[in-house]
């Protein structure tokens, strides 16, 4: 039996104005288990708190009920008070007789009666309270960033600069991501490589950053502060630490017909390659799908020409196990496939290209060395049509397009149009748009410049059909303002393809038990207030894997994610919320129902040995809650049919006692 | 006019199309092969039904210019299905005139040997609901 | 012997109901039969057995024992026993009549269960012979004569009349009150019916089931039989057999917290339940096999051991008909009872 | 005099993050609602077990209302979605058993919706009042 | 449909036992009468030849026994009727038994007979029941042989059979059937159309008969908790007998809720209820609602599927709409 002390606060006249506090403390003093009951002007004041502390000592109180303002206001205060007097802080319950009583009721009798009921309810709960101790877990002071694009790079740099170790896992042979493929960036038109490559070099040279390029995350277990991760370092058949990146092998390799993915297949590379000149790490990689030596055992040219003796045809995938305190997902995006958009003739004509392909065509390091020509015949195009929202805002057909707005297309299309007009004033540029969306610093000004200074034709309407005719492309679309259907003879058509999360994100999310939305974007813990955290503790989100983003947004989110990681890693120990779920193993039947509703992946199952009747042993599958991961929502407690799952601090019995007390 | 609203609702009900889904991109009109024959165009059909300004459409010949090729349905990014609206509008007019219900039995006599299958089906869609 | 023509039965029932609450078996929807409080004109069922036995009248499934009223920190104990009202249960079959004898052994032995005794004293049993016993009946196994059940009043229903014979003082008193609606009669029709019933009993499929192997002091013989394992294998551990049984008398005492205090009540319990007789060290019988064995050993061995050889099964066959998996005392007896039952 | 005015007992389960804060806000703004409403704070609406709701009726509650964050705004991302399914099914079942459907309600109240909280409670109490005492899910023992 | 005989099953079991593929057989054992068939373990063919039966009263769903059986050594042979296979899958989904220790043979089923319907039709003293293709011959003590229409004495769940298709087995005897369009929700719909008062009266009458024997729970393949909340003194709802109509309702509502989305509608609860309470109408209400609100879902149709109550969509129906939809 608890020894309960009741403390009724007047809150000046806030409570005492409509609640007879003396009557409340008298009535509650008569409740079973209550050994001390009093009231005071301001319980939260130093004097009030001292009164509580003294009563705890004098009356050997084991439980405290404070009838005062909302627990959202002063629960923490009174818990500290209790702790200072030597009793467990979770033995305190608050009866909210201000916000939910005195402030809403005008009648003294009514207010007093209700306050007594609320007090009795809190007493009923305290009777069943048990001391709770928050769990502690150590923090591994190392972060893992998955994805080496601008998002991952920025996050890694920020974390490392704060003094923590960071590993970047990048599935491609080099870091850099999509930004490395871009030509110029809006709205300032500075060259993407000029601002990205120095950061790549910073990463490479940073003493606290390790890059696992050509690598993938294979397995993740553990929880916030204590993740165990297995990284698969794919065999690149080149010794990374020996290769000097001289590039001789990539010139001598006889296999010349490998589509160059960096240029989106618009030109070819060798079977051994370095994706681009500024690659980090600048190390060659052998493409096992094309290498004659690896496929037939006959060739070995690269090995012969390599003076550093870096080639190793026997290399195997390597598995690295490492512990991390925090994991950042920065898996980025890809343009969606245009294969299903027959109406735009993408697969029929080489001269219908995506914006990313256009980006490579304009890039000085691209397949045409920056010269804008038609991919089909290398002729300079005089008429270019840009089509916006291809696959974006497309709700009709899920396998074709995406329901969301891809956000970046309006701006890069304006950029492409402007750059084209700037470099080739003889080329006529038309943009079909549904809406032009330019919320961003200097964004609308940028778009207007494209129209006003560069003479880009913007037509409100959508292209219905593109049909190749001879060496021209007939673009049929509507002009909604003129209420006309247009047929434009174009030399080149550029499609602003929607973007989607990288395909690797879904399996990764499963490994991380991080939730995703239906579009495979990672969900954030709170859309407004916790935008860079996953609901799963210790998992953070950076860049377009959380939703479409442009570079400035990505960089700022990357910094924010880094700040969150730094905040986590700077702690030596994590103190959990003790009000977490726990499973009574004697009753659990291992049905996995609770696991399915847990938004945090805090529940796992284990085969455990139990003592059966008559000296037998039984092995049963039972649920276990990881207290460091559980956030205490209690969803599992209701999902569990056997009642094995309960929530500390909000136990079923406690809530039922509250119900009983209210209905008395 | 009260009646106008009823007609619109009836068209919406009959076609099963929700014109509010339209984001006014104009892809339907950009796609339509009969565009130039029309006074009002597919995106306008949808808009007119949405706003209830249906009278001019009912009177317009445009609705008979639609080939029921369904290109607009196929291409519409929002799944609005303008051709179904056109069809429902046509039906409203036809029903008003009392020319409803083409009987299947009457058909063979009217059929041309060379009439493509698709056109028969389309005609059914157009005239015999 | 008194007689009342069936055409006069409403008058008879009304007469009984004048002085006491009368319960008669009534046909309900979907072939169900239950005792109902008699109201004018109600028709008595001809069914052999009620779904639940007459035990309910004397030992109901839940029964309030006492109350505690709490006010602040004080507690008041309230004894809410009161004198039961007189009642008559009409048409109790031989097996159920016998079951009351079994219950008496338990509840009327020291210490006397005053709640049970109170009801027993105020209840009059009008028993009725079974003209159409069914295939699940085996009361004969326990020496019960379905043709002559001995309630407070024995009653025989023929095609045209009820015949009554008072057996106990209570019965005589009741029968005397019915003089206005009954007439004197000889025993010819009754004797004929008894003969008839005996012939039917001889044709019952379970007529040869013998209980001789069982009885007092046979614990050692059966307790460790390997057959228990197979017999209990399919048992679900539900309480159907227990709750339809007219002789099962186990109960649990529980407290229910009301808004003003505590109500202490008892309710039937089942030895088949895993939470039966929970003690500080847990349940004494941990496996379903042990619990299963307990039930049948109690009926066939332990009870006779403590009660001069009286079995606590009356062969009513309710458990035979109701068990979800069709495991029952007949199968147990045949399996364990060896040679006599093959 | 309103001596005999019927005062229903109403139990309101409120999630800690939205609805309880909404109730607090109603208080801060002095938006009155009947004193018959008593709030039980739970971490999330998904903590509310159907057993708690039945328990309340057993103990003499005349109405039970559950308040949680708006769908999509759950502090725990998805708790209220589960609540929505559970309660849709439970309430439908209670209705099926002939229990007045107006005695149970789920309402989404955000931390900013103090006014909605008060209005909801006013409406709910009025509705329950018009139904009268809960007879169909009561346990008479509790009233002794 | 192919009629499965006792001999065919014994033959199958004999083969599997002799090949060493299974160590024992979970089957139906004959009883005193034609209808009192008991689930039993057979360790060899001789035992089967002696007591094994298969027929109109082999209705018991054995899936739940696997929880216990697979804790033992060796492999058990189980015969599964189509409806049993759903429970089988559902139990697997919930990790309740070890699939490796089971050899499941699917057997077709054309419906099982409800002995209560026979008893109602012929009265007391059933001596034997012999089933022929369309009829059932019942020999009675008092009225000689009576002939009944087989279809008239089918159990409720068989009349409303949802599927003749096996969704799980290692081996199938005979041909597989199809998932059927049953009218199993008609009764529920009928109740929904009643007024609240009528529904209340209906359930009050039905549930008031409950004797809390727990047979419905204990036979239920979805009720495999180590300890049921109603048996657990710490759960706050534990009770051994319903003291009043509230507790009767409480038990049945919570039980139905706990199996909602997991109940395969095997109908065992109603079959075993000694008080003949139509418990399936509670479970089916949940199934019907789930189908209407969240799209068709058949528990046990596939292993590992996510039950509707542990799932959601952002567009789910609001509880307020849900109760109003029930009126329609």
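A, B, C, D and E label the chains in the order they appear, each numbered from 1.
Rule of thumb we're sticking to: contacts are C-beta pairs under 8 Å (C-beta built on N, C-alpha and C of every residue); 3 or more make two chains touch, one makes a residue touch a chain.
Remember, it's a predicted structure, so these values are computed and weren't measured experimentally.
Visitor: When you check each chain against chain B and chain C, which touch both of them?
Guide: A
Visitor: Using the contact definition given at the top, which chains are in touch with both chain C and chain D?
Guide: Per touch definition, common to chain C and chain D: A, E.
Visitor: Return the chain whose centre of C-alpha atoms lies at maximal distance from the corresponding centre of chain C.
Guide: B
Visitor: Provide the C-alpha centroid distance between chain A and chain E, rounded to the nearest whole angstrom.
Guide: Centres of chain A and chain E (C-alpha means) sit 46 Å apart.
Visitor: Using mean CA coordinates as chain centres, what's the gap between chain C and chain E in Å?
Guide: Distance between chain centres, rounded to whole Å: 30 Å.
Visitor: Find the geometric centre of each of chain B and chain E from their Cα atoms only, then give the gap between the two centres in Å, rounded to an integer.
Guide: Taking the mean C-alpha position of each chain, the two centres sit 53 Å apart.
Visitor: Can you list every residue of chain A that touches 2 or more other chains, as numbers and ranges?
Guide: Residues 597, 639, 652, 656, 660, 663-664 of chain A each touch two or more of the other chains.
Visitor: Identify all positions of chain E at which a residue touches two or more other chains, and write them in rising order.
Guide: If we look for residues of chain E contacting two or more partner chains, we find 227, 229, 232, 236, 243, 309-311.
Visitor: If I count partner chains per residue in chain C, which residues reach a count of at least 2?
Guide: 256, 259-260
Visitor: What is the complete set of touching chain pairs?
Guide: Pairs flagged as touching, ordered by label: A-B, A-C, A-D, A-E, C-D, C-E, D-E.
Visitor: Per the contact definition, I'd like the list of chain E residues that touch chain D in the complex.
Guide: Against chain D, the touching part of chain E is residues 188, 191-192, 196-204, 229, 236-237, 243-244, 246-247, 249-250, 253-254, 256-257, 260, 282, 285-286, 289-290, 293-294, 308-314, 316-326.
Visitor: Which residues of chain E touch chain C in the complex?
Guide: Residues 31-33, 35-41, 60, 65, 116, 119-120, 123-127, 141-142, 209, 211-215, 217-219, 227, 231-233, 239-243, 268, 271-272, 274-276.
Visitor: Write out the stretch or stretches of chain D touching chain C in their complex.
Guide: Counting only chain D, the residues touching chain C are 59-60, 141-144.
Visitor: Provide the residue numbers of chain D that touch chain E in the complex, in ascending order.
Guide: Contact set of chain D toward chain E: 50-51, 54-55, 57-58, 71-72, 78, 81-82, 84-101, 104-106, 136-141.
Visitor: Mind pulling up the chain A residues that touch chain C in the complex?
Guide: It is residues 30-32, 613-614, 660, 663-664 of chain A that touch chain C.
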